[in-house]
Structures are given as C-alpha cells and as structure tokens.
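My questions all concern the structure below.
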Amino acid sequence: MKIMISQPSVTLLIFYLLFITLSNANVQDFCVADYKAPESPAGYSCKELGKVTVDDFVFSGLGVAANISNPFKVGITPAFSSQVPGLNGLGISLARADLAPGGVVPLHSHRGASEVLLVAEGTVTAGFVSSNNNIYITTLNKGDFIVLPQGLLHFSVNSGHSKALVFASFSSENPGVQILDNSLFGNNFPTELISATTFLDPAEIKKLKGLFGGSG
Amino acid sequence: MKIMISQPSVTLLIFYLLFITLSNANVQDFCVADYKAPESPAGYSCKELGKVTVDDFVFSGLGVAANISNPFKVGITPAFSSQVPGLNGLGISLARADLAPGGVVPLHSHRGASEVLLVAEGTVTAGFVSSNNNIYITTLNKGDFIVLPQGLLHFSVNSGHSKALVFASFSSENPGVQILDNSLFGNNFPTELISATTFLDPAEIKKLKGLFGGSG
Amino acid sequence: MKIMISQPSVTLLIFYLLFITLSNANVQDFCVADYKAPESPAGYSCKELGKVTVDDFVFSGLGVAANISNPFKVGITPAFSSQVPGLNGLGISLARADLAPGGVVPLHSHRGASEVLLVAEGTVTAGFVSSNNNIYITTLNKGDFIVLPQGLLHFSVNSGHSKALVFASFSSENPGVQILDNSLFGNNFPTELISATTFLDPAEIKKLKGLFGGSG
Amino acid sequence: MKIMISQPSVTLLIFYLLFITLSNANVQDFCVADYKAPESPAGYSCKELGKVTVDDFVFSGLGVAANISNPFKVGITPAFSSQVPGLNGLGISLARADLAPGGVVPLHSHRGASEVLLVAEGTVTAGFVSSNNNIYITTLNKGDFIVLPQGLLHFSVNSGHSKALVFASFSSENPGVQILDNSLFGNNFPTELISATTFLDPAEIKKLKGLFGGSG
Amino acid sequence: MKIMISQPSVTLLIFYLLFITLSNANVQDFCVADYKAPESPAGYSCKELGKVTVDDFVFSGLGVAANISNPFKVGITPAFSSQVPGLNGLGISLARADLAPGGVVPLHSHRGASEVLLVAEGTVTAGFVSSNNNIYITTLNKGDFIVLPQGLLHFSVNSGHSKALVFASFSSENPGVQILDNSLFGNNFPTELISATTFLDPAEIKKLKGLFGGSG
Amino acid sequence: MKIMISQPSVTLLIFYLLFITLSNANVQDFCVADYKAPESPAGYSCKELGKVTVDDFVFSGLGVAANISNPFKVGITPAFSSQVPGLNGLGISLARADLAPGGVVPLHSHRGASEVLLVAEGTVTAGFVSSNNNIYITTLNKGDFIVLPQGLLHFSVNSGHSKALVFASFSSENPGVQILDNSLFGNNFPTELISATTFLDPAEIKKLKGLFGGSG
C-alpha cells in the first residue's frame, strides 16, 4: 500500500483547523465547578470554558501541616470538589491528615468512595471492618498504603513516636465523611434512641454528648 | 503498641468540630429535588441544604388505596423522584397498585429500571417476556415477589377472589412507564403505521383507539 | 405516504423468525446467578440460559414473619442476589424486618445502596444521620416510607404497641449491611483501638464485647 | 526554566521500556470475548491477551445485504458483542437493516440501549413513542438519522419506492431486541392473559399467534 | 385460572388515562439539550418537555460530503450532543469522515468513548495502539468495521484509489476528540517541553508548529 | 415516645448474630483479585472470602525509590489492581514517580481514569492538553497537586535542582498508560503510516524508532 503525503501550507492548515474547531464547539473534557450555579446529582454546574484557567486544576492546600492542637491530635485537610473546582465530575479527590504521636483519625466511613491511605511519614496503624464483621488491621510505615473499601467503617492511629503524615485518595470527588462520634454525640440525636439502637449505656452517651457538643 | 488516650474538654472539641465542618462545606450526601430549577440527565437540581427537612425524605401516598373504579379495575400510585424530592439521584423508587378481582396492571415496560413486584395482599399472576420471546409467568401469594428485568414487557393480573395489593420497587428514581395500549391507541399514532409494524388488523386498531382516546 | 401491507404465511414467518433468532443468539436480558461459578466485581457468573426458569425470579421468603424472640426483638430476612438468583446484576433487592413492640433494627449502614423503608404494619420511628451530622428522624405509620441515602448510619424502632412490619428496598442487589454493634463488639477489634478512635470508655466496650461475643 | 535533554542509547532505552512493561502487566484496555468461559453481568470473560489479534476487532457482516424475501420484507444483521468479540464491555454495537419498498422493521424496543438510526439509502419513516404517549415520527432521507431513546417502542418503514438501507448504532454492546409481535404471538403466552392485559380481541390474538408460530 | 374481561367505555377509560398521566408528571425518558441553561458533568440541562419536537431527535448533517480540499484531504462532520440536542445524556453519537485518495483522519484519541468505524465507500486502512504498545492495523472494505477501544490512539487512511466515506459511532454523546498534531503543534505548548517529553527534535517541532499554527 | 430497653444475654445474642450471619452469606464488600481465574470487563474474579487477609489490601511498593538511571531519568512504580489484589473493582489506584533533575514523565494519557498528581518532594512542571488544544501548564512545589482529566495527553518534568517525587492517584483501578513515544516508536507501526497521520518526518520517525526499539 502506498500512502501519498503532501506538505501543507499554513493557510490551508489554518482553514482545516478552523473547520475542526467550529464543528466541535463545546467539547466537554471537564466541567470546572461554578459554585454559584445549581447543583445536580452529578455535581456542580460547569464554569464557562473561556473562563477556565490552569488554576482551576491546581491546589496547594495539602502542602500545609494542619493544626493538630486538639483532643484527637489530628488535623484533616480535604481536597474535594467543594475545595478544588477542577475535580468536579472527575471521580477522584484527596485529603491530608497530620497526626501527632497517639493522634487518631477517628472511626468513620465514606458513603460514596473507596479510599487508599498512603503513609508519607511516620508509623500508622489502620484498619477497617467488613459487613461480615471481620476486622482487617495492619501497621504501615512510610511508603505503605492500605485499601479501604467503600462505605465501611475505618480508622487510623499514629502508633509511632513522631508525627505521622498520611495522604488519602478517594474514588469520588465528593466521598462524604461520616465520623461516628459526631454522628451520635455531636447533634440532638435523642439519647434513648441511641441507647436502644446501639445498646450503649445512656450515661456513657450523655458523657460523650457533653464532650462532642450534642444534646438530647 | 500503646495508644495514648486523653480526655477532651468541651471547648477544644468544639474547636475541632468546627475545623472539620468548615473544611467539609457542601458535603453532598443527597440532592433533594428543587422542582423549580433546571433538570439535567442526572435528575433535578439540588435544593439548598439548609432548607432540607426530614419531610423531603418521607412519603405517605402509598398508604392510601387508589381508586379502582375504572375499566382495568386498577389504581396505580407512583412514588418516583417527581413525587418524592428526597429520591432525586438515589437510584430507587416505589409504586403501589390496587387491583380488584380480575383487575390488571396492563402490559407495560420500564425503560430505565428493573423491578421487584411484591404481593402484600391477595393472589396475583404476573410475568414478563424476554428478548428471546420466552414467557416467564407465575402465580404469587402474599409475601411472594417476582423480579422483572429492566426494559422488558410485563404485566400482572389479580387472579384471586378478593382485592389484591402489590408494591413495586424500581432500580431507578425515574423508571419510566410505557403502557402498550396507551402507546399505540392513546395518541395519534397513524393506524396504517401501527398495522404495518405490528400486523394488527386496522379495524381492531380503530376500535381500541376509540376506547383509549386515540386518533389517526 | 401509502404503506403496503401483505398477509404473511406461516411458513414464511417461521423462516423470518428463525432468521431473527439465530442472529440474536445470547441476548443477555439478565444474568441469573450461577452460585458455583466465579464471581466478579459485577456479581455472580450467569447461569446457562436454557436452564433458567421463572423460579429463578421468584422468592417467597419475605412472606414469613421472622423469629423475633431475641434481645433486639427483631427478625431480618434479606432477599439479596445471594438469596435470589434472578436479582444478579439488576441493581435492586429487598428485605423484611419484623419488630415486636420496642424492637429495633439496630444502627447500621449499607455501603452499596440507598434504601426506602416502607411500613406495612404498625408504627415505626426511623431516621438517619448525614455527613454534616444532621439527624433526620420521623415517625411512620402504615403506608408511609422514608428514604435513607446510601452509606449513611440509620435505624428504626417499633414505637407502637403492636408488632411492626417493614419492607426495605435497596438500589443494589448486594447492598451490604454493616451493623455498628457487630462491627465494634462482635469480633476481636482491640478494645484500646476502639477506645482511641471513638472515645468510648474501655469498660463500656468490654461490657458490650461480652454481650456481642467479641474479644480483644 | 531550563530543561536538560540528553540523547538515549538503545541499550538504556530498552532497559527503560522493560521497566515500564513489567510494571504494567495485564493492562486491560479491552476484554475481547472468550465465548467459552463464564459470563457475568458485565459481559463475557476476557480472552488471553496474547491470543488477541486485530481480527477480534473487525467485522464484515454488515457489508452484505440480508435476505429480504419474507413477510416483513426486511433483513436484520446484528453486530453485537455476541457476534464481534472485540465489542465485549465497550458500550457500543451496530446493526444493519435492509428493507424492500413497504418493508418494515416491526415495532420493538431495546431494553439496554439508546439507538441512532442512520439512513444510508432510500427513504424511511421512523418514530418512537414516549412514556407520556407522545408519538415522534419523521421521514428520513439518505444521510439523515433519528435518535431513539433507550427502552422505548419504535419502528421504521421503507416509505420510498426503492430499497432502503439503514445502520443502527446502540449505546451498549448488548442492547437486547424485544419485538412486540414475537413477544405476544410467537410463544405460548396465554391468549386470555394477553387479552386481559392489552384489551386485544382474543380472535385477533389467535389469528396472529397462528401467523407468528405461537400457541396458548 | 379464569380472568374476567370487561369492555371499557370511552368515558371511564379517559378517566383512567388521566389518572395515570397526572400521577406520572415529568417522566424523563430523555433530556433534550437546552443550550442556554447550565451544564453539569452529566450534560446539558433539559429543554421543557412541552417544547420538545421530533426535530430535536433528527439530524441531517451527516448526509453532506464535507469539504476535503485541505492538506489532510479529509472532512469530518461530528454529530455529538453539542450538534444534536436529542442526544443529550443518551450515551451515543456519530460522526462522518470523507477522505480523498491518500486522505487521512490524523492520529487522535477519544477520551470519553469507544468507537466503531464503519466503511460506507472505498478502502480504508485503520488501526489503534494499545497501552501495551501493540499495534492493531487492518484494511477495511465497504461494509467492514473496526472497533477502536476508548482512549487509545488511532487513525485511518484512504488506501484506495477513489474517495472513501466512513461513519463513526461513539459510546458517548460527548466523546471528545484529541488530535495529536493539534495538541502538540497547534497551540503555544513550549517547544522545549515537547522535546523533553517526547524526544522529538526541536527543529522538527518548530517546523510542525509553523504548519499547524502553533507558537512557543 | 418511650422505648423499652432490655439487657441481652450472651446466648440469645449469639443466636441473634448467627441469624444475621447465615442470612447474609456472601456479602460482597470487595472482590479481592484471584489472578488465576477468568477476567471480565469489570475486573478479576473474586478470591474466596475465607482466604482474604489484610495483606490483600496492603502494598509497600510505593515506599521504594525506583531506579532512575535511564534516559528519561525517571522511575515509575504502578500500584494498580494487577499489583494490589484488594484494589480489584474499587475504582481507585496509585503510582509513584521518581525524577532526577531534568527527569521527565514522558507525554502520555490514561484511557480509563482521571488523575491527581501530587508533589511530595521537589519542583515539577506539569500540564495537559484539552480536546480544544488548550494547554494548561503550571509549576508545582511540595504539597501542590494538579488535576489531569481522563484520557487527555499530559506530562511532568522535574524543573528543580534536586530529585523530585510525585504520587499519582487514579479514578480507576486499571487506568491504562499510553506513552506516546512507545506507541509510535516502540513497535512495528509502519513509518509511512505514522508520517501520513502525524506529518512527522520519516527520518525523524526512523531515528526515534531506533531509539525506542521499534521497527517498520
């Protein structure tokens, strides 16, 4: 087979390029979030293409150690679509957690995403519980990661002697974060209902509600 | 491994909780329908989170027997996302059908969902036809259900001597309902085209158009 | 436009039908579960089409009140793809819960599905907690339902004076069920880790592990 | 910013390429169907990568006019994943229909796919019915196409004076084809049930069962 | 089992039909694009149902041979959701390419869709490269097609002596088109970066930037 | 509302737990890869649940700096489902790249995933090209990341004076990696076809084929 190759001139190529461009108006490779427009189950509305810049795809927030002077001795910095407009609709997001020695990322789940937890510094004990009630726990060192399947309760603890830094990647740009303590003790979920549906002692519940700012 | 546990004070925990909350603005666990805003292929736009109440997730319409004084002797009550704003984007919906003895849910399909049909009262004969033209029919009693795969023609008939009540669950909040009789005989679909594409006799078509309010 | 219609003979139509059938071999409207063959992330392998019967799509297990003579005074009967082969791959499933007065479906979540909880008998108080820690609770009577979005903690309690019966529909044939008590207290999840990641008192944890058969 | 560029040697590059290759074993760009292995809801099992050739991705069957000497005066040639192994899992498929003047693609639906029907030769009248019972009909000439949304009843008719040729594209490699006449009259779907659920006259049903090879 | 069938009267049937219709408001079988309203990751907003006509589902643009008097001797006519409002959200689209002898559809990829390339006239050599660097090439005649899996580089060339016409079908209504030459040489992608990341000679890059209207 | 709470005994609770467990056999929270069993479009077959351990979810390979003594001065370590069995079906994966000063991750794309590229050490210039031929480039420091939408060509370059380390997260457990140089110059893709479809000079192509081990 012999293929004929000819050298294009600038003018003709520009003509050709224009032809392609006009035909392909509104090619939607991404949908940078317009936080002011309506949201749908698929995410935020799209920012006008002509106003999109590389800055919509860049985020620097994960470069700063979060404040860990709190009871859990942990600081969590999310980088979801609500923080990074370029993530809208793309099915991925990140977060950073800084843990002091003994610091914990408390027991929680992500309703909308699976997670990979990567240790960047320190030593972290992490694990999850399955629907079959099997508990999978391991201790991770720098460079190790653990996979945490979607929607299941999991946690991590700094089990070393120095600060720990972990990066979490999620299979959704909007994974959701449901922290057990906040869910039960940080609102006005009635104590008697919590006790009936968990068998936790009402006194224990009241005490933790006092700690987490809840009532009822 | 020894984990250090310290008792938090109220002030510090509130600080910590605020930290989490501010970082996680607009966590979209659901997207309650705002019926006044634009729709997209993914569903309705989301109602503002601060205006969402438990009532958006609650529906009482399936508690009332529908009027069955009509030729098919059936009343159908849907609970799709267009009736229940909390269903928007969640991939599930319900419906109720009340059938007098001999009453029928006429032959129809759901373009967008598979269905499970559960008998709550009475005796119901139900079935579907596959793309291979196999017909799967069974008679169901109280507590039985049948699975009706997406997009295939199916029906149910009250084959008992008393009223029947069924609940249908769908794998979409917007399953669609295409009833064969309405599709062919309830509009202005030209008789000659129906006859050519179904081999139904034009006289039969005209008669049924007369019954179902169609023309052409 | 004039459409020519001719009357087909049996022989020619059978010929035509054969043509269509041979051309459309292996039309996969469904994939009835073959429990003996490999599973994949999409579900069970498919049973051979020629061996599928209507019984693969029918389930009677939800017609029987489950045994409620246990501490939670509840019996739960699932109808997931692992119980009903015809549900495999179809994105929908059901379950039944029978609750004595004061009986509870304990706090739990479904990692893989949204749920609609419909009251068939009695009075039920039900609710869920969102990632923002808002608690949505309501009391439902016969015919009412509540929508419970995917992956979030929820519960229901029989708040009436007689037995209650609810039916749950899920937006997945394999929704998963993670019960909080079983997850924390029904296995060998170390007490010190639970305490560190939930702030629950170790004595309370040990007591509940004693109740739920856990250790560690 | 100054970027250092160095010229690679063959040896080093081969080393580099091997590094990439070994690290990326089993990169699954496609999953060519192995018809002998188990099927799952996601499709056929994958053929071993080393046995895949370009022929798995090529199909010539749409180049041949199908036999149209039958009552509907149409021949339909599918190119779904069950005919073209390379289509497995890719979400797309094709079909060809040859229609003599007055020939019809009878009323049918595709449970699993939306369709685009493109006229390559002749004049075709085509349309679909929505769940709202709106009928959308148009006459298409060579080069025109119509969009037929998933799961809805549709048809096409050669309304010209010469043969017509159409190509259909589907948004699934396994769209399913449910032909109304075959579904009702080509099997043993009991006449009394068809009549009860469609209001078709039993005599009409029996006549068409006679034509389409059905019974009952 | 004996099914009771009664003959409906017009009045009662109209009543029944109204009942169904009112209950099923806003049944969203499709979401015809409203180009003036916000876009989301799922596509364009939906046009008001009452304003939808069959013309929203029809497109004639693929019936016209595109201008092939340009260096590549090819004309490409897309029919994506940005051209055909009825395609919005439906997961399918088409395009047409006219190639003079020796004309080429230059090396490109579709980030969002798999493709089927069907030859309608002429002889075309086409192929794709996999992530494993295997090259799959074949020569296609009229009626042949090749499957081109999502996101992989591919091309086609008119290897015959007369004009060629191909139709492409895509598994997305918004497949995206990334043409290699335009991506590297049709913008201001800095030459030194292109050279560093491709090992292309800077002089070659500059020459092609001159041809394709790029700079830097 | 008064909720009755009773203290369970060990025996009764064990009975209750067994009831739940038996009813919920094969709850598939994850599908750890069985590399020896068939693959499907959805991924690998599932390993038997009883044989799953935490090690299936843990990976240490990203903790080791890859060998960067090669022409591109980069080492890439993937952690996809083919390396980490616990990732199978979960929609997420990671990779690590070590770059010496001036080292590059050459121009490439991922057919199946969007990516987030996070800089852990050093300074990296990265960017992507859209289907509209817009080039988005930025320079990232430690802690910065850039979003790289699915299927689009992108690259990164160490633009600092010391080694750089980046971690990539992908929205698929099997993202695919198509490197431009390997695709064009690392196989037997005929030179004349490459030239015809890219306008690259045949001499340049031959030279690069020599470098990348290709032929033809």
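Each chain carries a letter (A, B, C, D, E and F) given by its place in the written order, and its residues are counted from 1.
Quick note on the criterion: contacts are C-beta pairs under 8 Å (C-beta built on N, C-alpha and C of every residue); 3 or more make two chains touch, one makes a residue touch a chain.
If you want to know which protein each chain is, UniProt gives these names: A, B, C, D, E, F = Germin-like protein.
None of the values given here were measured: they were computed from a predicted structure.
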(request) Please identify each chain that touches chain C as well as chain E. (result) A, B, D, F
(request) Please name the chain that ends up farthest from chain E once chain centres are defined by their CA atoms averaged. (result) C
(request) Work out the mean Cα position per chain and let me know which chain is farthest from chain D. (result) A
(request) State the superposition rotation angle between the two copies chain A and chain E, fitting on C-alpha atoms only and giving a multiple of 5 degrees from 0 to 180. (result) 120
(message) For chain B versus chain E, what separation do you get between their C-alpha means, in angstrom?
(response) 33
(request) Return the distance between the CA-based centres of chain E and chain F, expressed in whole Å. (result) 27
(message) Counting only residues that touch at least two other chains, what does the list for chain E look like?
(response) 3, 5, 8, 24, 27, 29, 38, 40-42, 102, 104, 111-112, 125, 127, 130-131, 137, 149-152, 157, 176-177, 179, 182, 186, 193, 196, 199, 211
(request) Just spell out which pairs of chains touch, all of them. (result) A-B, A-C, A-E, A-F, B-C, B-D, B-E, C-D, C-F, D-E, D-F, E-F
(message) Under the definition above, what is the set of chain C residues touching chain F in their complex?
(response) 38-42, 66-67, 70-72, 75-78, 80, 82-83, 101-102, 104, 111-112, 125, 139, 157, 159, 174, 176-177, 179, 182, 186, 210-213
(message) List the residues on chain C that touch chain D in their complex, please.
(response) 1, 3-10, 12-17, 19-20, 23-29, 31, 34, 37-46, 88-89
(request) Could you please specify the touching residues of chain A with respect to chain C in the complex? (result) 102, 104-107, 109-112, 125, 127, 129-131, 133-135, 137, 149-153, 155, 157, 176-184, 186-190, 193-194, 196-201, 204, 207-208, 211
(message) Applying the document's contact rule, which stretches of chain E touch chain D when the two form their complex?
(response) 3, 5, 8, 21, 24, 27, 29-30, 49, 53-55, 57-60, 62-64, 79, 84, 86-87, 90-94, 113-116, 118, 120, 127, 130-132, 136-138, 140-152, 167, 169-171, 192-193, 195-196, 199
